[in-house]
């Protein structure tokens, strides 16, 4: 039995609350159990230099964590004067995931910045951020459509993410912090609504794992992201 | 008539919601209208070097703003690699305000860090942060009392803060962003529950102002902080 | 009796020595007793981006302290790689004070940078810096007039600053370091030559203070800045 | 046909040259075709604070690239004043890979730092770094054994890494820079000598990919890392 | 004829004013014509880690320049967040020069920091800094003797410095800024009072120079530093 | 007898290997005994702002050292977030040396960056870097000639560098690390192929040295750089 008492293929309660910021073109407070991430999508025009006059846009992401999002208080990155390697790794991942379902030629020379700030953390912050960040991004595109700035959404699919891991020898879905700390292996999967793989990151925490075990994790992830895709669609439908 | 349509001595709706973070020893989400600040108080033991073995504790504050807390997205300070002068000025102010009502010899060699993170800004973030930060701090001391770590709260009074300004020639209470942008002068007042002055910061934005005008601002602030002190007391009573 | 032996409303000997730098368009070495600040005003043309092509100019200030300006040697900020929160707070204050008496539309698209470097510190460095910085700025405008670059000075008034504090229960003017370290409260006042208030910063160091006490401090400050305004006028008249 | 003309399952010529640094306890210049990485393993005793007095050691890695390792010269990270997100991501990966085959309790309270510096880059620098870094690390442990400091090597297996990708619809092994730039998907696999999976990082560059395609990549990687493991064993045998 | 109109072997008027800072254990305002450098020597006890418990002390130097010390205003290094290469080069030179005449085992485990801050620059700031820094250092040792902390001064000789250059084909002593900007070659010489060479730094600005020319420069430097040594001795004698 | 057993005027074995980087316009791996420096010259067009539209080009250098180039591992400068004073001093020296033999008006508005990275250090890294950097630079100019971008090489002479020192009372050429650590004085000389002096840097390590001793060092340096100039010419001839 896993520590959380959930079934091996059971997600935590997932809530996607939209329109949580009065200024952002898109916003979503995503909760995976006790993990809460505030995502906003901001539309701007100052593209990175290498994209100016290219006719295409760009989607990028930034990730942060409030100092007391965690069990013991961490340092504030702004005070330390630099972002950790972990932070940079995560925000690069979020950006790649969102761009994988966006036609960058479909919204003009605009820069969309998705900010994912963890208000409270209990494992799985990067996967929650991708899942909620997609909702904020989709809203921002809807906003551009509503303004008549673009004719149709440049999104080619939806995208969500989930972590899976080996707890003992058992593959389990959506690890919380306690489970993650004790897992033999941990993998994050980013999948599209239609089941395509966007990103796979698997890491052996204690011992190398087998190909068969990895296959089990991927099967769980397919199931989990399917459920997340439905929740995303519902949240976006309701937000209209 | 001021832009917000409020009476000159009318606060925005103020809500103090406690227990909003499952890890922090004290926490408060404070809302002054559309200004929302998440405050947590974290109890630790690693005092700054100059206080070690002094027998006393310390209270300090950090302040931050999510990039899209504002109408247009600002830079993330962690990404820029340093905190702005404004951020440092505000967090120093919050720390001084909270220490002014704390007996630093009354809770052992502990460090209490109060984090004030602005989720959404519409003027008055520093005064909201002090007002909510006090609530989080009081809860943290209640937590230490509950554990038996201290016999009584080291707080000597409550503390709250409010901004006032001259809109045209009229003194008004609790400026929102639009009002602040158009004010002739702007002042932040930090007062205790019993009416003592902890900090006064008045700045002429466009033209120098008179002593008489400044007196009017202070009178408004006394009224406003009195109301805030009652809201703080109610929130702490309910949180027990 | 206050530690310095001065009367409660007595300034330290104040000396404003002009033309102390052979390159700067304006310069003033200001001494408030043992506090010595070297102020220069430098005229340039590279405005901050948000002011380019606006038709107006800008006045900004930077503040620094030599490492051994103080009783024990402090770190060199350039070596530490960042300016402290205190430094940034002070230089922002100086800039606001000088802009409050300057018509920014009256000297073209020029940037005037006022550097205030503390050679020796004995309390009141920020108020000395504002007082001397004004003299350097006025000289720089006189220099532009002398060149025929502007028809008249864009200064709308003079500005000076002084600290006051509660030593025990007594309000005293112009605190030196020893007095400041033992004061119950400390306030810095920036006033124009005609008595308008530009900035007020009052802080309770040990205990909150009363409105009546604050009024006494302001009365002292009005007297002190009146005397400083006369010294500024005399120094500028002599420098012509 | 892939651009390099190699068979789909063909590695570039791989050379592992040991003892290339006269000071390091272990060293290896690894070449995967035109990708050249200089790896050194340095044995020290200053463990990170959280491991002191824990009885165990630690293995960490740092990664860098000479400015002209690439086709056009890049910035020097030391001159820019910070390591890029990419650099941090890669050095964290190398460290995790090496620790996955090391019994951290088997070499005392020592810190082994593996430096991987890219002298010339043509794709696959991180996988070459892991492959060569392992050889340097194994030599460092052999050095400690030779000195009598440890009784046996704490390595539990060997570890190597290879990239695979989808070129068009075809899975190919060991992408060079041209192939990588044009791949539909790119994955890095870190496997042990006995075939266990240590780390998997797969990214869709242009379009999401299928589970079947991912399986093909993994099959290629198993083959490639098997060959690398043999080359590592041969280099270490020869170095004795 | 050189631009300054001085004879080729003529120093600018040199003034060494001691006791210019009320806190520092030694201080000297040195003027070489329009070049003014404020030097302080501060005695402390926090040695660099590699010298703790070694029984010896250390002398180090820091160098800075006020932003408007120069003809056009330069950036403030504290604001830019780092010291320039030039600054670091100069402060390393000053430290080496002072240590060359100090018996580091003769004043206990003390750290003496010599700060050299350029108030106004007209060429030759580094040589002025060494010349004045020596005076401040000698005073600090006299202070330690006066306190009874050391029995005799650990200085083994005096040290001073001067620049020489080739103006056209002519060797000239003590270049000011205009002369330096137009020199064919520029050399800084650090010599002891008894004529030993501590440091030589010669640089061809436009064309390589000959050994014969270099010999002429050294001859001038011997003459110049001899005069400086006498001025140093006189200033120290007077300061007693 | 000096520690290395070499004759007092004997260089270490010097090898200049060209074309060691497949991308750089010029490259040279220079070995002075166990000191190995990889030099590349990169041709670009983004001149520093102060040279744009000036009609001339610029040559600049950067210097770095791999962390384990030295006997015990040093910090990685990119990880520490800044270049040391020593690094900056050396790269400024290399740049000056190369510019001294380059007609900056002879290759258009191009920026040539010479990177000198120390793979292994045993004393004399800066002199090796200048010697090898010249070869890389000469190749880059030959490359521009080969492309028809310039009609003839803008080099006016060759340049090389060597260190000399006083070991005991004896002047010796080309110090290795052991010799350098025990030298009484240490000097670096940069000379042109025709014997002109470009740069002289002499430092007394323990005691001031005499003019006569300095003359001996310079005589050795003339001999050493003459030999280096011949090796440079041979390497460049062979590389054609």
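Letters are used for the chains, namely A, B, C, D, E and F, taken in the order the chains are written, and counting of residues starts over at 1 for each.
Quick note on the criterion: a residue touches a chain if its C-beta (ideal position, glycine included) is under 8 Å from a C-beta of that chain, and two chains touch if they have at least 3 such contacts.
Here the structure is a predicted model, which means the values were calculated and not measured.
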Chains in simultaneous contact with subunit A and subunit D: none
Averaged-CA centre spacing for the pair subunit E and subunit D, given as whole angstrom: 50
Mean-CA-position distance for subunit B and subunit A (Å): 33
Gap in Å, rounded to a whole number, between the CA centres of subunit E and subunit A: 59
Subunit E-subunit F separation of Cα centroids, rounded to whole Å: 28
Residues of subunit B whose C-beta touches two or more other chains: 81-83
Ring of chains, enumerated from subunit A in the sense that reaches subunit B first: A, B, C, E, F, D
Interface residues, subunit A side, partner subunit D - complex: 82-86, 88-89, 91-92, 96, 100-101, 157, 187, 191-192, 194, 196-204, 207-211, 214, 218, 222
In the complex, subunit B residues that touch subunit A: 21-24, 27, 34, 38, 40, 42, 44, 62, 64, 66-73, 76-79, 81-83, 87, 113, 115, 117, 119-120
